[in-house]
Amino acid sequence: MSGAMLDREKIIEVKDLSVDFRVKGGNFRAVDKVNFHIYKGETFGLVGESGSGKTTIGRAIVRINEASGGEILFKGRRIDGRIPPELDREVVQKIQMIFQDPMASLNERAKIDYIVSEGLYNIRGFSSEEERLALVRKALLEVGLLPEFASRFPHEFSGGQRQRIGIARALIMSPEFIIADEPISALDVSIRAQVLNLLAQIQRTKGLSLMFIAHDLSVVRFITDRIAVIHLGKIVELGDTEEIFSRPLHPYTRSLLQAVPLPDPRREKGKKSIPYDPSCHDYGTEGPAWTEALPGHFALGNGAEIEAWTGRYGAAPMPKQK
Amino acid sequence: MARYVLKRCLQSLATLFIVVSVVFLLMRLLPLEGYFGDGYDKLSPEQRTAALQRMGLLDPWYVQLGNFYVRLSRGDLGTSIIYRRDVPVTEIIAPRIPYSMYFGVFATLLALALGLTLGVFMARRKGQALDKAGTAYIVLINAMPSAVYLLFIQLYGTSLFSLPILFDKYRPNSWILPAISLSLGGIAGYAMWIRRYMVDELNKDYIKLAKAKGLPEKLIMVRHVMRNAFVPMAQYLPAAILSTIAGSIYIESLYSIPGMGGLLVDVIQRQDNPMVQALVLIFSSVGIVGLFLGDVLMAVFDPRIKLVKGEGAR
Amino acid sequence: PKSEDYYSVYAGELTTLNYLVVAAENEHSVIANVVDGLVEYDKYGVLVPSLATEWSNSADGKTWTFTLRKGVKWVDNKGKVYAEVKAQDWVDAAKYLFDKKNASLTAKIAYDVVKNAKAYFDGTLTDFSQVGVKALDKYTVQYTLEKPVPYFLSMLTYVCFLPVNGKFLAAAGSRFGTDNKTILYNGAYILETFEPQVGRTMVRNDKYWDKEQVYIKRLIFKYNKEATTLGPELFLRGEISSVYVPSALIDSWMKDPAKKAVVRPAETSSYTYFYAFNFNPTFDAQYEPDNWKVVVNNKNFRESIFHALDRRAAMITAEPYAPERRLQNTITPRNFVNASGKDFVDMADLAKYSKTDSFNKALALDFKAKAKAELAGKATFPVKIMMPYNAGSTDWTNRAQVVEQQLENLLGKDYVDVIPVSFPATGFLGATRRKGNYAIQECNWGPDYADPETYTDPFITGSNYNWPEKAEGYAQANGKPVYENMVAAAKAEVVNIAKRYELFAKAEAYFIGEAFVIPYAIGGGGFQASKLEPFSYPFAPFGMSYLKYKGQTVMQKPLATEAYNKMKEAWDAEREEALKKSKF
Amino acid sequence: MSLAKAEKILEANDLVIKFGLRGQTLTAIRGASLDVFEGETLAIVGESGSGKSVLTKSFIGMLDRNGWVDSGSIIFEGRDLAAFRDEKQWLAIRGKKISMVFQDPMTSLNPLKTVGAQIAEVYALHRGYGPKEAAAAAVEILGRVGIPDAGKRHKQYPHEFSGGMRQRVVIAIAMACAPRILICDEPTTALDVTIQAQILDLIRSLQAEFGFTTIYITHDLGVVANVADRVAVMYAGKIVECGTAEEVYYDPRHPYTWALLSSLPQLGIKGKPLFSIKGTPPSLFKEIEGDAFAPRNPYALKLDFVREPPRFQVSPTHWAATWLLDPRAPKVEPPEIIGQLRDCGKSEAACADLGGGRAGR
Amino acid sequence: MSGKTRIEAIDPGLFEFAGFDENASEQIGYSDYSYWGSTVKVFLKNRVAFVLLVILGALLLFTFVQPLLPGQRSPTKINIDPATSVQMRNRAPDATYWFGTNSIGQDLWARIWSGTRTSLLIGLIVGFFEMIVGIVYGALWGYVRKLDRVLTEIYNVLNNIPTTIILLLMAYILRPGFRTMIIAMCVTGWLGLARFVRNQIVIIRDREYNLASRCLGTPTRRVIAKNLLPYLVSVIMLQTALSIPGTMGGGVFLTYIGLGLPVSIPSLGNLVNEGRLIMMSPELRYQLIFPTIVLSIITISFYVLGNAFADASDPRNHV
């Protein structure tokens, strides 16, 4: 599997990305030298607790947040910093974002019609009004909404429907890469399922690449192929989804995993949460490094740690490369 | 913090510099005749030149501006050229500040006390008679020409309560009406804003928690809502107070209060440049300091705000 | 006589007390009471000794020598004696006055007559001893003039001939006269307190040489910017002793018997008001200045307006009661000067105008017809008449409308189109008259000294009133217009005063006859409620004598109109006597 | 704990709660009945808008201004809370006897007052403590809810606390007067999973310590499994199923409960669509005929559209309101996924895979 | 818990599956909502506002109809008493002169309506101008971060330069008149609105839906027009509604400075000001009271209507 992956086309590459925010005393580093890539057609999960920098990474890719270090490549071309207008237009079209809060991410004073076709106006993605209307229809139908909704206002919709409108707005641009930033955490269970299904289905049928941001591992497991776990602006672990679930290495990942509540009263009752305590690391003598601990499974830790973590699963760590 | 203050100060100084310079140049655009008032016709051209020379108005503008700043750097605001010829500007302005200040502070306090009380009660009894009456008052104050009702207040107020018409610093009862008149607008303004902010605040989630705690409504109002509603007002308060200190043109002239009100308009019309410059300097500084204090006050009341971010909400 | 204290409100604060520089009435109203000059007027307008006890004029009329009163003291605002008034004080004052640096606004009046003063002012002469002011000894002042000036004595009551203590002046430096502590007093009153924008108090000067003639002990002035609005109310509440009743209120006061009982006419002044035809139109093209130039040079056109203007209708806007009291048919007002018992306005041809109202419907229409005929093809009708008014004055604003409608109704809208244009109070004259930015405008002029010459100034080349020298067809052989030659002739007559006046009257009559201006009114007037006794202060139709409180009393009750009129009659009669007896 | 012996602490009977809205009347609670037993943790689940919050808010008299209890009763300590008309009456209940923790810790605290002061306020109010005593008590309770360094941090402002810590503060406020009932209205929805787990632990341990009764509101059945002794499932203003946690998870009877459980991503199979409830809840403005869930229910009977189902008792502690339980109804097997859960309840091995969408390998 | 379930007789046919229509369940509950419809509805519910709207409407209609009515006098005509051929000064209201005459005999009735016309026109034009400039400036200021520094500085400078200086300069340059008056009022009038709009926009500019638009590459112009301004409709309307009456009374100072209207164009502000001068004499007070009443009615109406509209256009109040 990992062999096949090597030749897969990378749609997004993030190299040593750092994002700083200017705050009181000086700079606050929200994202710290993050590395990962996303293959064409895969769903990539980004998990981590609130404030760990997930959104910031996503926004850096869509260029709402400025990268203060490192680079972001889209299909091999650098898209951070100043870019030529043609590329800009392409990126605007090809990379789309779905937002967390379906209540806040739709313009309440615009009709669905406008909201959905807003991107089209910007890239002049239609030649006639009829074509635009047809595209809107199609997009609405794709996300399971009735075309006549186009003439209504957002507040007439339920959360799930609104989130689907947000998805339609992204889809109409025929993007190649979608960043979904916690698209379901503001929704209740039943609607959550609708949206998850929709995303999974779209990703599959259109062969899109998807970056799925969440803090709930159970959701991420359902939808993603690979996962990166991020903690305080640093990616601490990255690998295939099932690999991470079956052999979590970093203690933070493990704490995240066990925190997922199970719909099983008997087992849940006995459960005790194990919070992640960063002081469990001993980086006094050797600092952590980004290591491929197991094939295709990276973790942030020093040599001793990696050995201990992998040893737990009876596997030997990957030999050091480079 | 210190860096922020320094930065803000520098920024303010830059603004001040631009304002003062622009005003300086604008004043120079006014026709030279204006410096002679009605005496113009009786003067010979030689006399006019002599007078202009004396006022330093015959130099090129940049020399004049340069001179102004050189003198300013020495703390010298110059002497009045027309308004009160040869009297140092500071000497003219200084004695007036206290009057406007006393009235300003008193009226502001009165306005705050009455306005806030009214607003709080209006918010508590939203939609009820008191709220409606308060709204009517606010509307009336805003809608009626103040020049009319202020004069009525003066005439009937003084005869009804047998108060003196003119202000006399030695007669305490002559302070009453002007201070009240001065606060009328403020009362309406503060009542309106505090009411609006309180209604906003009442819709917030933490009120729910306070209620769930079992706090009676009165305590919620007093301990939570009022204070929080005051915060957005805090930002504008210093500027508002400072601007009342700058004096009210009309009220001061009605009651003969020797304050700052109308002084600026007066000296601009008479083209007394040094006076204009000094007043603009004072008023702009006051305005800019008001903005700054507003931010500081906000930060004092609202622990979330630290005076750090580059762009404060101005 | 016994007198109460005097209370008053005022709206304009003093700009300075430096009497050697200021020229405005506002400041003079204080200065006149605190500093005395060489001579003064009595209550009938007769020159009497003041600080000079006697004086003489040289045979050539150019040198005046004054002997000073002894023991007159300069005191400070506490009444403490500073020095004695001596001859050198006049020399020091002149030195200050003629120093260009000090930018005195009254210097011109003095350097126009005093020998070498102009040269000294301009800097061409540096030796002050050559200037015609000298202290011959401690008590003798001598003025030498450029040429004989028959009215020189009357000039001496003006600020530019007041004395100053040189030592004090030097010590005060640029602070001289900036407040009540930086001047010295030798007049009837001392400015005891002076708080700008609050008020001022004048108290009787105990060291005054003529203090028996000063009856009001204290004059208390309070500042109020809205004095015109509040004054009447303050008077009714008994807080002030006198107030001017604005024209807007006069109706209602007259209707209320209680109020009517306290109202009386206010004195008129010697300011002269006239409507000027502009011969140098520079106004905006939209008002057709070229067309105006054509019509204004047509005498018939001017006459048609001259006779069409209903001055009474216009005056009602300012003086709704007894408008006639202020109307005047000449430029120089009646009662200004007289010679051998004959008032100036009754001399020569001027008598023809002074007795008849210029407003004459039939004549106006007559001239209109003539003008139309003459101007046919040369000018377009209706003629646009751009008439500026001062938006700061309600009366003027009203008057502009009245005049517009009155002229248009009488002459027909096909003939004239009067266009009132509003201008701000600040810089009003600069924007209008002085620039020639008008067609017809209401103008005024105040006299500087007691001679009809003073009223010719606005119409002489170099002035900026209405440029009559540009009128077509009036140039004479010497290139000067007729009027100016007539004035020059009058000015040259310095010995025979009656003759001189006669000549001036002729010139003025000519000027009016050619309809260069439409005489309109005298200043002052209106109504006031006042406890001040009228006709008891030093009277003069010019300068600042009439601003003095010396000799006046504050009565228990204000005078009503009738009582006032009676007093006026009596005064008029007494004055005639007094003038006859006067030796100057 | 044995529920049979437990005392009823609160009892809502046929509660109908209405709101006036845009001139119309909205019936948010349509005859809900609920018993709460002393010392238990009762979870109320249901999707958004089902009326969970409204129901519990009515227990402390905090309905929004436009709402009122139309009929029914709420019996607590022998008094009918539904009959309270005066705010003053509530003051004896609110905070003192029944406390509430709200969903969003970010906005539930007054941003301008120190955390300590906000807690101390409760002590001063309900216990009559003096300022010093109250402050000390606040520090203590802060420590109890697991705020490190409580002695110092009580002087800080809410914004200086993280979301999880703020929620602890809110819980501390609710706990301050040792209430008999603690209502937690979605206390962890806004928090991320790790913190959610900590908060759940905290509530549980506090409950063990203080022995209060908890009513827990959530729409996340995973969370419910963690905390609840009993579960009430709510739909469109009605309780549709109620039983012990185990009964509801392992043997759910109402199709709505099935649907809720099925849509858990933990139960989803990778590559296949997750089960989801179609459509939207009914408009509460209209009179609802029959079973409110019927239009979205694939198992709906024709009867469901005309007749409201009564309660069918499944066990002494378990009932459901669905016609499917009527003996005359066709037998329906719950969906397969639900079956898995049941198996899970029986053996550990069967649910080794739970905890995330399993790979469809 | 209620123990037994009563078994009643129910048609067995009903115990059949009903079938399931996915689309039907997707329909949304309420859809009869229209934004403007609700706005109007809420607005009309405010009875005071409604009454004032009617009054204002009638007043407006009347001001424009008045000159067409029979027997109306010109507002500038000085009426001469034929008996004395003197101006009919200060005539108290009577059958001929309904509101009396002023101090030079002009018909106050005609003047008030003509003044109302002028003032309203000025108010509307100025209000409109202030709205445009204020919104454009405020929107750019609030939304385009790069411009913040510059626009803030410009604002601060303009805000601190005494308006009197600018007006005085204008008075030297421009001729007084209708146009000048409007220009003078517009010079600095928009500053307040600009700042207000800016503050509002700062509050909403970082909402997620704006980020969404940025992601979609929506140009600033359209973000402002479509995403930001619609949210400010209510407050902008309120501000504009308030600036109209503000402008109506505000001409007095301009007249004083010399930028006022020529006498041939009466305005309410000037009428009130003229009236103010004679308010000391009770029997002339009608000259003050009539224009003040009209001015106040209009001001109050705009004020209340502006507020009512702001409330009504806030969807939160569509309850």
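We just call them A, B, C, D and E in the order they show up, numbering each chain from 1.
Criterion: a contact is a pair of C-beta atoms (placed from the backbone, for glycine too) under 8 Å apart; a residue touches a chain by one contact, two chains touch by 3 or more.
Note that the structure is predicted; figures quoted are calculated from it, not measured.
Visitor: Which number of steps is the smallest that gets you from chain C over to chain D via touching chains?
Guide: Graph distance in the chain contact network comes out at 2.
Visitor: How many links in the shortest chain of touching chains run from chain B to chain C?
Guide: The fewest touching-chain steps linking chain B to chain C number 1.
Visitor: Among all chains, whose Cα centre is located farthest from the one for chain A?
Guide: The chain lying farthest from chain A is C.
Visitor: Looking at contacts between chains, which pair has the highest count of C-beta pairs?
Guide: A-D
Visitor: Roughly how far is chain B from chain D, going centre to centre by Cα mean, in whole Å?
Guide: 55
Visitor: Counting only Cα atoms for the centres, state how far chain A is from chain C in Å.
Guide: Here the centre of chain C sits 90 Å away from the centre of chain A.
Visitor: Any idea how many Å lie between the Cα centroids of chain A and chain D?
Guide: Chain centroid spacing, chain A to chain D, equals 31 Å.
Visitor: Counting in whole Å, what is the centre-to-centre distance of chain D and chain E, each centre being its mean C-alpha position?
Guide: For chain D versus chain E, the centre distance works out to 49 Å.
Visitor: Using the touch definition from the top, which residues of chain E touch two or more other chains?
Guide: Expected reply: 26-28, 30, 168, 172, 276, 280.
Visitor: Pull out every residue in chain A that's touching 2 or more other chains.
Guide: 158, 161
Visitor: Provide the list of chain B residues touching at least two other chains, using ranges where the numbers run on.
Guide: Those would be 30-31, 151, 155, 269.
Visitor: Under the touch definition given earlier, write down the residues of chain E that touch chain B in their complex.
Guide: Contact set of chain E toward chain B: 148, 152-153, 156-157, 159-162, 164-166, 168-169, 172, 195, 199, 202, 242, 245, 249, 252, 272-273, 275-276, 279-280, 288, 292, 295-296, 299-300, 303-304.
Visitor: So in the complex, the part of chain A that touches chain D is made up of which residues?
Guide: It is residues 49-51, 158-161, 188-194, 196-197, 200-201, 215-223, 241-242, 245, 255-269, 271-273, 275-276 of chain A that touch chain D.
Visitor: Name, in rising order, each residue of chain D that touches chain A in their complex.
Guide: Of all residues in chain D, those touching chain A are 47-48, 162-163, 191-198, 200-201, 219-226, 228, 245-246, 249, 259-261, 263-268, 270, 273-278, 280, 341, 344-345, 348, 351, 354-359.
Visitor: Would you pull the chain E residues touching chain D in the complex into a rising list?
Guide: The contact residues of chain E facing chain D are 1-7, 10-18, 20, 22, 24-30, 318-319.
Visitor: Looking at the complex, which residues from chain E come into contact with chain A?
Guide: Chain E residues touching chain A: 23, 26-28, 30-31, 33, 35, 207-209, 211-219, 222, 226-227, 230-231, 233, 315.
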